[in-house]
Amino acid sequence: MQHRGYYDQFGGAFIPEILVPTFDELEQAYLEAKADPAFWQEYKALMSSYSGRPTPLTQAENLSDHFGGAQIYVKREDLNHTGAHKANNVMGQGLLTKRMGKTRVIAETGAGQHGVATATMAAKFGFDCTIYMGEVDVERQRPNVFWMERMGAEVIPVSDGSRILKDAINEAFRDWVSNMDDTHYVLGTACGPYPFPEMVSWFQSIIGTEAREQVLRETGKLPRRAYACVGGGSNAMGLFSGFFDDPEVELVGVEAGGRGKGIGEHASRLAYDDASVGVAQGYKTYFLQDDDGQMQETHSVSAGLDYVGVSPILSSLRESGRVRFEAATDQEVIDAMSLTVQREGLIPALESSHAFAQAFKEVGDLDPDDVIIINQSGRADKDIFTVADALKDPKWEEFIIAKAKGYQNA
Amino acid sequence: MQHRGYYDQFGGAFIPEILVPTFDELEQAYLEAKADPAFWQEYKALMSSYSGRPTPLTQAENLSDHFGGAQIYVKREDLNHTGAHKANNVMGQGLLTKRMGKTRVIAETGAGQHGVATATMAAKFGFDCTIYMGEVDVERQRPNVFWMERMGAEVIPVSDGSRILKDAINEAFRDWVSNMDDTHYVLGTACGPYPFPEMVSWFQSIIGTEAREQVLRETGKLPRRAYACVGGGSNAMGLFSGFFDDPEVELVGVEAGGRGKGIGEHASRLAYDDASVGVAQGYKTYFLQDDDGQMQETHSVSAGLDYVGVSPILSSLRESGRVRFEAATDQEVIDAMSLTVQREGLIPALESSHAFAQAFKEVGDLDPDDVIIINQSGRADKDIFTVADALKDPKWEEFIIAKAKGYQNA
Amino acid sequence: MLESYIRSRREQKELLLMTHIVLGYPNFDDSLRMVEAMVEAGVDLMELQIPFSEPMADGPVILKANSDALAAGARVEKSLRIAEKITASFDIPFLFMTYYNILFRNGVDAFVARMADIGIRGAIIPDLPPEEGGDYLAAMARHELAPIHIFTPNSTDERMRLLSEKSSGFIYTVARKGVTGKDTAFSDDLGDYLERCRNATGLPLALGFGVKSNEDFEFIRGKADIAVVGSETIRVVDRDGVAGVKPFILRLMGGG
Amino acid sequence: MLESYIRSRREQKELLLMTHIVLGYPNFDDSLRMVEAMVEAGVDLMELQIPFSEPMADGPVILKANSDALAAGARVEKSLRIAEKITASFDIPFLFMTYYNILFRNGVDAFVARMADIGIRGAIIPDLPPEEGGDYLAAMARHELAPIHIFTPNSTDERMRLLSEKSSGFIYTVARKGVTGKDTAFSDDLGDYLERCRNATGLPLALGFGVKSNEDFEFIRGKADIAVVGSETIRVVDRDGVAGVKPFILRLMGGG
């Protein structure tokens, strides 16, 4: 590789020797694509014709009135095909995969969104596709598994470790070290070994580029603050990158506060002080680990934020102070989601609802002349099992019980 | 009313006397809005910023290659906020409701898409909202009910008649005749008394206007054929209206062939010869009725097409020959959907899959230089219970049974 | 003619009573027995509803009666035959109440001719405004049958005059918005409303929707010519059987 | 130094055997007894794997051993203590195999110093390519420990030379792509590959991944200096207990 991908002390590429040529090839393809304006044109055209980009920036007048502070604008990544920003990354990597002449893609998935997006891309590009998904997530996100399988992807439940996202990543790497010749590993977030954090952020930068243009056009000013939830960090990097050169825009990354502070209770690597710097899954960043360096259990109501590590680029942006990190608890998130659904008819994914929750805590203190942007990274339709459980909806439970009876009697 | 809304012998406004002033008011608001270019600008701006319009026209290269005939293009109404073309109609009627100074909306819903769209619009506009839904449909579309309730809408299961869409329409009218002063009835399709068929078609014409521009821009030619599924007929009217002045474009409406011909087996009013002209639900059209004029049971795998009547405008277009009507059976529809998911990563709703199924039967006979457009009126995410049942997915059944156990033990 | 029957009857009684049944509900034999009980109790005229699968203007009670009758096999031809028997056996005027599709599917002219033939005196078709009813009105006129239209609290004076012009026999005035069978709070407003109705038409006024007790009946006395009782009779039959009908009507008129 | 140990040992034996255990799996006592059995059976050197929660380069068998050991409470300090006991008790060289975070969290310098202190002779860190391993390589050199790197079938000649430069003791060559513990079809290609390895380094070659029978062992004889057996021992322990280890090793070397 020409570069090692360090952002201050974070990043790098801690990869098994057998993948060295694969990463060389990937870096080269990435750098060439980045240097080739035609590639970005092709990417933008694909995202426009297939995924419906640009996604709108929607003014949330009712919520703004409700809080009486700044004007709230919502960047609508939920309107992407497959329902989340994950499509941006996946389609970009699809084009690279084609460029590299590979015929098979693999991916890890937590919430299932990235898996669905990858399976979709594979169907569109005609690639074979295998998706690794922690057993726990297979259970909580069954509808996504269903659709991945319909797309022709093989979904492999991972029963090792804590059986969630990080374990799926390990398992995807294990596949890759055996099949790198024809296979590209479509990592789903701005984590992992270089060039993934940078490359994924690059594809996601389409969010921020659009958002900056839109907010200027629609309000004539830059936002005071921009909020995004942070799992691995890709949607946050995507939105934030549009405003890196605008120091007056405060960038706020919102992590999963789960049940509150304390290892095992949340998935906040940067907002709480339970994490420390380490090296795992091929890169160096803040991890939720113990003194020995063993990764610890995490918790979040949203599968997509339930991860031990975080983008090394965000870790460096935390150190530099360019991005402020906060955490929203499960309960705050569910409340923020309910309010947003009721007041605006928008259905933010539980992941995205973290960004809403934090914005809601702060927006009242701003001036009505101010503008803020919240990134709605995805829609919650597919979270219905989780949301219904979180809200303990009795009619939903009755419905499921009746459905189950039907199957058992058949 | 200034007009009675006849299209040849079809249409009219067969309304209870008590609604006469309400229809007068509605017609006036509609005609004024239509005459006011600022209204359409406001409508387009709303659809752009809130619902992500224009929706793309996506080239389906893999399906085109598969059939080896014309180039297939898909109009992506599934990318609308709330996942279907229903948003177009609902947002337009929302603007009209505001114009009329009303504060409450009611709607019928079959597939639940229109209910979700209306509840969403009500949340956005701050209206009270009641949705009538046949009990049978409440069962098959529970996820939609869940989201409507989250939006703050009251969902009332209708247990009269055959407990599906037509009964929900009757019930919505019953509400309206008691509450017309503050309430607008947001009819969901191009049916019902004048001005609904025309007004709904007008709002949906945004589909066809965009599609015509897009296909010319992207292919330099008009399509040989345009396909749309026909429930009440709104998405079909929306797409077709873009091409009414282009006699070389053949327009194909695809109805629910269900299990095949014979009353009770399907919901084809225009493709099969089981229907006859009648007057019900306030308008005159082809209905699936017996000799006495009693409406008969219908069947379709897709709740959204499972309806006894059809747009009077489409009935007149059938008589004039401008639109050809065909039917696709449940099995053809499921096969078409599976193929589309696998080959293109698109997830057409079961309703929309009717249009795909018919196009697939014919596209191979066309020339590779030809272009066809299929209207993907919605996405199937919310049909997951129906699709999983249709495909008899054992893993889905296991999942539901396990989920039910969890609820029962709690 | 229906109007003159009403006027002459009114000379003997200050307030006439019109009742309503759904033909074939709960079955055709009971329909016949209900008519008998009503006539015996002194009802002045009756609506016979031919069941329709989409009774959009009816509330839950009549809606259910419609669909139960259909589920029990009520066919239009059967309704016509029983109506013929009814008009032959009882000496008060009978009207049809039904929805337009029942006429339309049978052919409007043929249907109206048949009505005349079997001794029906008029019809209420709640989903057929006069604008849509050209053929129907012509046929009714030809056969000297009374097309009855409905005034509502939000009809304009102009609209009332139009409706009156297209009607004969009497005008059906509804006391409030909504479908059949819900409670109405009879209040002073009602007086103003009926005043408007009177000014708009020379025809007798029947007042309907929600009448169910002797108090309601007394309240209407002096305000309208005919009180209409619909859903409540069906509730009585459901609760007490056909035997309950006559005592209910007598109680209603203050005679029980 | 490790290399000279290997060279002198090779003068007596054409093919040396390196085995592998996961410390703390199934528990620390058994780890000790497995080492004893292996040394008694004539194993020439051993990898002691310190468990890590994310063993990305390991296949299912070793992965499970890692997580079972951790679940049973294996701490790094405990692994270091048992390793110290092992090196004190047995007279062959022992290497650590673990992932970089274990070193990083403890402090690379401190960890390497401790390795030297407790008599460990070298280390294999599969997620630490030399480009990322500056501190580690410097510390290893300071303490005269052997950093061992891996050649793979798709390493270029240039890469092999670089890896060789950064290594001492021996080179671990993997016979095929993939993680530990899967079958390898040993074929003629392997000859060409090992030829390339020999040309790129002057260090002895250990050949690993998938060795599990005497035939595999015999096949390697003459091609490499050391055969590596990893996952298969864990399978044997899982099946036959610690008592199965010695017979298995003896059988493997053709002595059983």
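Brief remarks follow.
Chains: A, B, C and D, in written order; residue numbering restarts at 1 for each.
Heads up, the rule we're going with is that contacts are C-beta pairs under 8 Å (C-beta built on N, C-alpha and C of every residue); 3 or more make two chains touch, one makes a residue touch a chain.
As the structure is a prediction and not an experimental result, all values here were calculated from the model.
Ranked by how far their CA centres sit from the centre of chain B, the chains are topped by D.
If you average the Cα atoms of chain C and of chain D, the two centres end up 97 Å apart. Look at where the CA atoms of chain A average out and do the same for chain C: the two points lie 65 Å apart.
In this assembly, the C-alpha centroid of chain B lies 38 Å from the C-alpha centroid of chain C. Chain centres here are Cα averages; for chain A and chain B they lie 33 Å apart. Taken residue by residue, chain C touches two or more other chains at no position, since every residue touches fewer.
Contact topology of the protein chains: linear, an open path with no closing contact. Contact annotation for chain pairs lists A-B, A-D, B-C, with touch applied as defined. Residues of chain A that touch chain D in their complex: 1, 4, 12-18, 20-21, 160-161, 166, 170, 173-174, 177-181, 276, 278-282, 284, 287, 289, 291-295. For chain D in complex with chain A, the touching residues are 52-60, 63-64, 67, 70, 75-77, 99-102, 104-106, 126-129, 131-132, 149-152, 154-156, 159, 163, 174, 177-179, 182.
Contacts from chain A toward chain B in the complex involve residues 48-52, 55-59, 62, 76, 79, 81-83, 119-124, 126, 139, 142-143, 145-147, 149-152, 218, 338, 341-347, 381-382, 384-385, 387-388, 391, 393, 395-397, 399-405, 407-408.
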